[in-house]
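Paired with subunit B in one complex and with subunit C in the other, subunit A is shared by the two complexes that follow.
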Partner chain A sequence: MRIRLALVVIAFVLTWAALPGGPRRLLAQAPAGADEIVARVQQAFYAPGKDMKARVTMTLISAGGDKRLRDLTMLRRNGTGGEQQYFIYFHQPGDVRGMTFLVLKYPRRDDDRWLFMPALNLVRRIAARDSAQSFVGSDFTYEHVSGRDLESDRHTVRGEEQRRGKACYIVESQAQAAAEYSRKVAWIDKATWLPVEELYYDVRGELFKEFTADEIREVGGHPTITKRTMKNAKTGHRTEVVFADVAYDVGIEAEIFSERYLREPPRRWIQ
Partner chain B sequence: MHGFAQFNSAFRATGAECPPEMACDVMRGEERVQLKLELSSPDGRAGALARVDLFHDAVGDDRGIDLREAYVDVGGRRISARLGRQVVTWGLGDLLFINDVFPKDWAAFLTGAPLEYLKFGSDAAKVGAYAGSLGAEAVITPVFAPDRAPAPDRLFFFDPMPAVTDRVRDRPGADFDNMQLAGRIYARLGRYEVASYVSKGFFGMPAGRPDRVVPTRLVFSYPRLQTYGGSVQGPLRAGVFSLEAGYYDSRDDPAGGNPAVENSQARWLAAYQFQPQEDLTLAFQYYGEVMRQYDAYQRTLPSGLPARDQVRQVTSLRVTQLRRHQTLRLNLFVMASPTDRDAYVNPSVRYNVTDELWLEAGANVFWGQERHTFFGQFEQNSGVFLVARYEF
Partner chain C sequence: MLRRLPEWAVTWPKLTVALAIAATMVFAAWLPRMRTDTDPKNMLPVTSDVRVFNRQVEQWFGLHEDMIVVGIVRDAGLFDRAALDAVSRLTDRIVRLPGVVAADVTSVTTADNVVADAGTLSVQPLLPAVPATGQELEAFRRAVMDNPMVVDRLVSSDGRVTAIYVPLEQGANGKEVADRIRTLVGEERGDLQFYVAGDPVARDTFGSEMFRQMAIFAPMAGLLMLVALYGMFRNLALAFTIVGVAMMATLWSMGLLVAIGQPVHIMSSMMPVFLMAIATDSIHIFNEFYFRLREVADRRRAVLETIETVGAPVRYTALATAAGFGVLVIGGIVPVRVFGLFTAFGTLVIRLMSFSFIPAVMMLVREDRLRLASRRESMEAGASRSLAWLGGLSLSRPRAVVVSGAVLLAVALVGLPRIRINNNMVRWFKPASEVRVADAVINEQLGGSSLLYVVVSGTGEDALKDPAALRYVEAAQRDLNQEPVVGKTTSVVDLVKRMNRVMLDDRPEQEQIPDSREAVGQYLFLFGMAAKPATLNTLITGSAERANLWVQLKTWDAGAVEQVLARLEAYQRAHPPPGLRFAPAGIAYFNLVWNREVLRDMIRTFLAALAVVLVILAVSFRSWRWGLVSFVPLGLTILLIYGAIGYVGKDFDMPVSVLSALSLGMAVDFAIHFIRRYRQRLADDPDPTRALLWTVARPGKGIMRNALLFSLAFAVMLFSSLTPYITVGAFIIAMMMLSAVFTLFYLPALIVLFARREPTGTQAPARPGAVNPVAGHGRS
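Here is the complex of A and B:
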């Protein structure tokens, strides 16, 4: 038994050493710890507090200046083992008013999603395709809203510099799993571990999306991006997002994230 | 206070020759205003909602007020109740209903109204009890409301005895004995959802009973029905599968020998949906129903009436494509029955011109080899519809 275990360990080490850039990558990263930076970013960006409540307004602006509004309440609760639950209630526009949306998010697995349509009193489970799916038609994808697995990209620190008035790490992430980008370069504020800017490149190496954190505020001890923009560099379409009435650790009950509350939206939380 | 103003029209495109009392080429020409009022107590434990439609239809100069929903919510953490007129929907089918026995407006659906008008409110009390991901709900409807069936003022449908024009309706009375009950218990087990359903009530569509062998009068009544069923839904590869089954227990004709009453049936549904690419969804359904006591049905079927098959099967495909930041929705729904040899095709395009205004244009196309099958009977109602809605 012990011998077999030892063989497995040896085989694993050999395989890892033989991988392109295996040990070299670790050595190159050791001083800055790219994976550690990204893990901290994910914690600061997508998971602060035990739970969160926010009123989110997304303005979709076309290159010609045509505007659409998506106004929603977002509730998030952190589960165990990296699981998260999101509950979304739509206030505007009128054709989606009263719709609710539930996302159960798991590490390294597709989300489970449900949508409730009030006019039909109908709950529908939705087939989810995570990586590149636009969130409510905006320039943000689901992954921009709720995060992406650390292991889905290969992360490398490309240096440090001042960006948008902050001392930042520059972290490059190369997609290893399905993604809408092939490469992402992010400027991470060393003080808050939040990205202040991100540039997304497609398979041809061309810039196609730009993310900027336009306002960062401290809410309940958590630095929070309260204004952000995602711009499609190719079409000129952009989405501006404002997080208002943000509150952490407000005690959102686990049962809110269920079919019952999809059908009977929890008035206490969405007012 | 919210709501919408809507224009909705539908046109028959078959060039059918209609009887004089039928709205022929124009099936709907309707203006409608919906007002929605929602109230909530400061602590969120109680609330109320009212949705009222005011409408006028140029076809038949039809006008009126339709109280779509009006209910009061009382909520606790473990138990909640919704009292009043409310739309209830459960089950997993897309336009195929097994355990959803709540009232449906087939006439609105067939004359090009938006899909939400397929369902209408039940005057009911819904009581729910919940613990974690487990839920149990009971819907009590004291007074029976039948489905709104296609009527000869606007629609062609199969009528086995067109010569008998003297027709009366015999609805279940408002007795405690006729109270309808429906219940559902459901749970989420990991990533799977299971549910079981039961109901006691009446068939939503009436059964016509002739008064004698050479009939002079048809009495339409609503036979008793009990249903039992279950469903399961969960992830499968990159998509979602659904399975649902149910048994329709025809209480007024357990032996199946009464030709005016539907025989008992078993129904089942298997469905799968997935997204092959962003904003494109494909959904497949396979549905079947099998009649019990088919021998008794065949034996007692009056001569001259077309016989149904023992098994009816239906397959469907829905393709939904979203474009232009999800403001443009292209939809194609195809439903076909290899056993009935009939089909229903519904293409539609919807565009949100602004956040307030959306336009939808589409078609309802029915086809059948015979005039008595489920979709085939509606062949001459094939046509196009248009909806323009301004939300406020």
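Here is the complex of A and C:
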């Protein structure tokens, strides 16, 4: 009895998982070059929709099990020619509540970043040293959050295989421009063009970071990684990220991404 | 059983030798499985409090146990394109070395630096790219000199020296990484000098050097001894026998140690030398044998009589030595216990050989050669004559002799309290050695290579975001900086002050702690957003419940750490902290604890061993008075040597403490031989004066031979490149010569004054089947 129930559930899950991906899977049948695959990943991972809002909780977990929380609202708006704007409002930790952060991202150029510090009532421009910097002290870098230029790596398809229950391309990326890694191997789900797993190797060729997409959900027609983990294989430190209340194409206004709104965050988008 | 053993050996000499060799091969068969542990850190188990706490601290702050410091010096100043190019290139190459924690290598090209540039806050490496123009170079110079977090840590205040801090992965060998860095450095051209320093370099270099030098010096000492023995006995086979016994004992105890699964630690690596020292005691057998050969026609009888005469003292010395080492087992330090136990075992093996293998060899050596060689041996010969004169002096003016001893004792007692218990591994290398020079350069020019952490803990989350707490840390830090051994201190306070300044238009007067907790929290958060997470984490935990104060010391002296901690405590007493607790950690603190625990433990067990030896002496002579008299040469030797160490100002460190154990094994032998033989002689010749003179001349010659032989063999150690070996050599020579001379000079006077009329059971012929089973009492 129980077995039959389990079979029914499995069949149901499989069917459900296969349906929305159907057309994309057809597309995937066409032979894909490495650059083409990566371009699709960039689109699916970092830029779906015209805009996006999400409540992001990041749990930073040390090797010893100590946890720290980063709770923030993230607004993203896609501009023209690959430009993107990010507005981030911090809810937690407590002493940074109300801190806001603005990132203007340009292809093939350093980001512009501004930060508002409520304790000093001060907006400061922050230089973007390199995109391999940690994002708010987590194991994710800015690049993990907002993407990396396609040309910064040399991409090669290393084959196809099942990974985490998905039919995947294996794409290897060798860093050509400055990066925290020298080599990255990614398993790209053919159906969603999202990476289900990524392994990062350092200059000595040793594994040092592992990314996993722990939950992928369809939101507003866009497959979205709603739970993800980045683990530092060397230190054992990891960061678990949950994207909640994700919404696409909600009409976030362009003027929000400005210094004025850093000081007075838009109530409408930030609960 | 032991009484029949020599007879059996003499009857079946070939079989005895064959059995001894076969048994040795069984033990030796284990040796290929030998594991070595060259890390002196392991003297304290990984479960010891200090190591557990250090690991905890490393976890809290993402630190690494070991760090190498590469010092780079350019006399004309570092602000030069080629020089900075070299620093940048070297950093890139070091990051790629195996065993190095790539992400946390810190140099001017990787260290996070907070700067304000035209209103833009920037966290970037101090030196993101090598400057192209003179203007940029000058700007870089200003940025460095203006930043208190950089000066004296990464760049010296005169701009001549910079450092690359290279943390090592768990278990990486510091010497191997240092060697690789030295190779990289060797490929650099130009006017830079490079220095590779740090605790792991010294420690692992020492560990591996120690094994290497043991492998050189033990055989060399053995060879020299062989030559000297040949000179004394003119018979190669007999000379080989003594060295052979030492080798067999070494193989037995090393084999057994490996067989039970113990690694060979630094301590036990010294076992061959110790056993060789103990094996020389067999000289007394040969010494007596040569005298006997002249008196007795039949060789078999000469051998058996020799064993019968020398057997009792040899057995007692073995017992005393074995007990002395055995007592080390009561100590708390595992490698020391292993060392004590197996050296005691080796001592017993040597004794077993003395009653089997040695008599067997004596039967196998060609008799005509032996007789020829023994002809030179007589009481009238030069050495014996001058010894007799020495004995005569002691007997004729016993009071004056004893007073001279008392004067020596007083001198020693004045020196004794001056001994400083201190360990400094860097000083185990010679002043001109690479390790020591590198350390000196970094200690003079930069904050220092020895790293102490002071963990500041508050109560609850965010405790260390409280401006009051930070101000207290700032003040304590300022106080610590007054201490001359402290080269540089760094804490989250410096970072917060820096952030405050940079946020507030980079005005130098804003280099201070802000007034609100929120501002501190937001600074730290901002820094964490912009910098490598590790940079912030090494100074404060994510919960901000704890902060880490880095204290760089200019010396590896354990005493220096003690001073710093005492100062910190005094400061806390004078200014009670606002709910903060301070706890030391890090490698410098480990060295202090190691110093305390290992050395104090050695001293404790050494004193216990002395007491045990005294009891054994008293029991063996069945008299406290005789026991005390026989203890005098040992006691006086030890006190004089340590008194001298006190006067010279040499630290009582690890090698010296190990030697204390050796002195136990050696210095007591002579007295036992002397008194035993004297009392045997009394049975034949009831006149004490004549008997004493005879003892000084005949067994005394064996004693002097033993002492000279050993001094000679260990003189080779004076040429070692490691100072502990030089210490070992000098110490052994002093010990052997002093205790031999003291035995022959003071014992006759003491016996005349204090023990002459003491009725002793052993003066009568011993009852067969010894009554005292422990001591194997009496002549057998």
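Quick note on the criterion: the second predicted complex is superposed on the first by the 239 of 271 C-alpha atoms of A that agree within 3 Å, B and C clash if a C-alpha of one lies under 4 Å from a C-alpha of the other, contacts with A are read in each partner's own complex, and residues count from 1 in each chain.
Keep in mind that, in the parts below, a contact is a pair of C-beta atoms (placed from the backbone, for glycine too) under 8 Å apart; a residue touches a chain by one contact, two chains touch by 3 or more.
Computed from a predicted structure; not experimentally measured.
> Should the pairing of subunit B and subunit C on subunit A count as a clash or a fit in the superposition?
clash
> What is the contact status of A:Ala63 with respect to subunit B (first) and subunit C (second): first, second, both, or neither?
second
> A:Gln92 contacts which: subunit B (first), subunit C (second), both, neither?
first
> Once the shared chain is lined up, is A:Ala177 touching subunit B (first), subunit C (second), both, or neither of them?
neither
> Figure out whether A:Lys234 sits in contact with subunit B (first) or subunit C (second), or with both, or with neither.
After superposing on A, A:Lys234 lies in contact with subunit C but is clear of subunit B.
> With both complexes overlaid on chain A, does A:Arg204 touch subunit B (first), subunit C (second), both or neither?
Second partner only.
> Taking the superposition as given, does A:Leu115 touch the first partner, subunit B, the second, subunit C, both, or neither?
Only subunit C is touched by A:Leu115; subunit B is not.
> With both complexes superposed on chain A, which partner does A:Arg260 reach: first (subunit B), second (subunit C), both or neither?
A:Arg260 contacts subunit B only, not subunit C.
> In the overlay, answer first, second, both or neither for which of subunit B and subunit C A:Ala191 touches.
Touch partners of A:Ala191: none, neither subunit B nor subunit C.
> Of the stretches 332-340, 494-502 or 602-610, which one of subunit C hits subunit B?
Clashing stretch of subunit C against subunit B: 494-502.
> Return the residues of subunit A at which the contacts from subunit B and from subunit C coincide.
60, 62, 68, 93-95, 117, 119-120, 122, 125-127, 129, 133-134, 136-138, 237
> In the complex, go through subunit A and note every residue touching subunit B.
Touching subunit B: residues 60, 62, 68-69, 92-95, 97, 104, 110, 112, 117, 119-123, 125-129, 132-134, 136-138, 237, 253-255, 258-260, 264, 266-269, 271 of subunit A.
> With touch defined as at the start, can you tell me which subunit C residues reach subunit A in the complex?
So the residues of subunit C in touch with subunit A come to 59-60, 62, 95-96, 98, 101-103, 117, 119-125, 128, 462, 465, 503-504, 514, 516-522, 525-526, 528-533, 536, 541-543.
> Please output the residues of subunit A touching subunit C within their complex, sorted ascending.
Contact set of subunit A toward subunit C: 60, 62-64, 66, 68, 90, 93-96, 99, 101, 115, 117-120, 122, 124-127, 129, 133-139, 202-204, 208, 234-235, 237.
> In the complex of these two chains, what residues of subunit B are touching subunit A?
Checking each residue of subunit B against subunit A gives 2, 4, 40-41, 43-45, 47, 73, 75, 77, 80, 82, 86-89, 115-116, 118-119, 128, 130, 132-133, 135, 186, 188, 191, 193, 233, 235, 238-240, 242, 273-275, 277-279, 281, 322, 325-327, 352, 354-356, 358, 389, 391-392.
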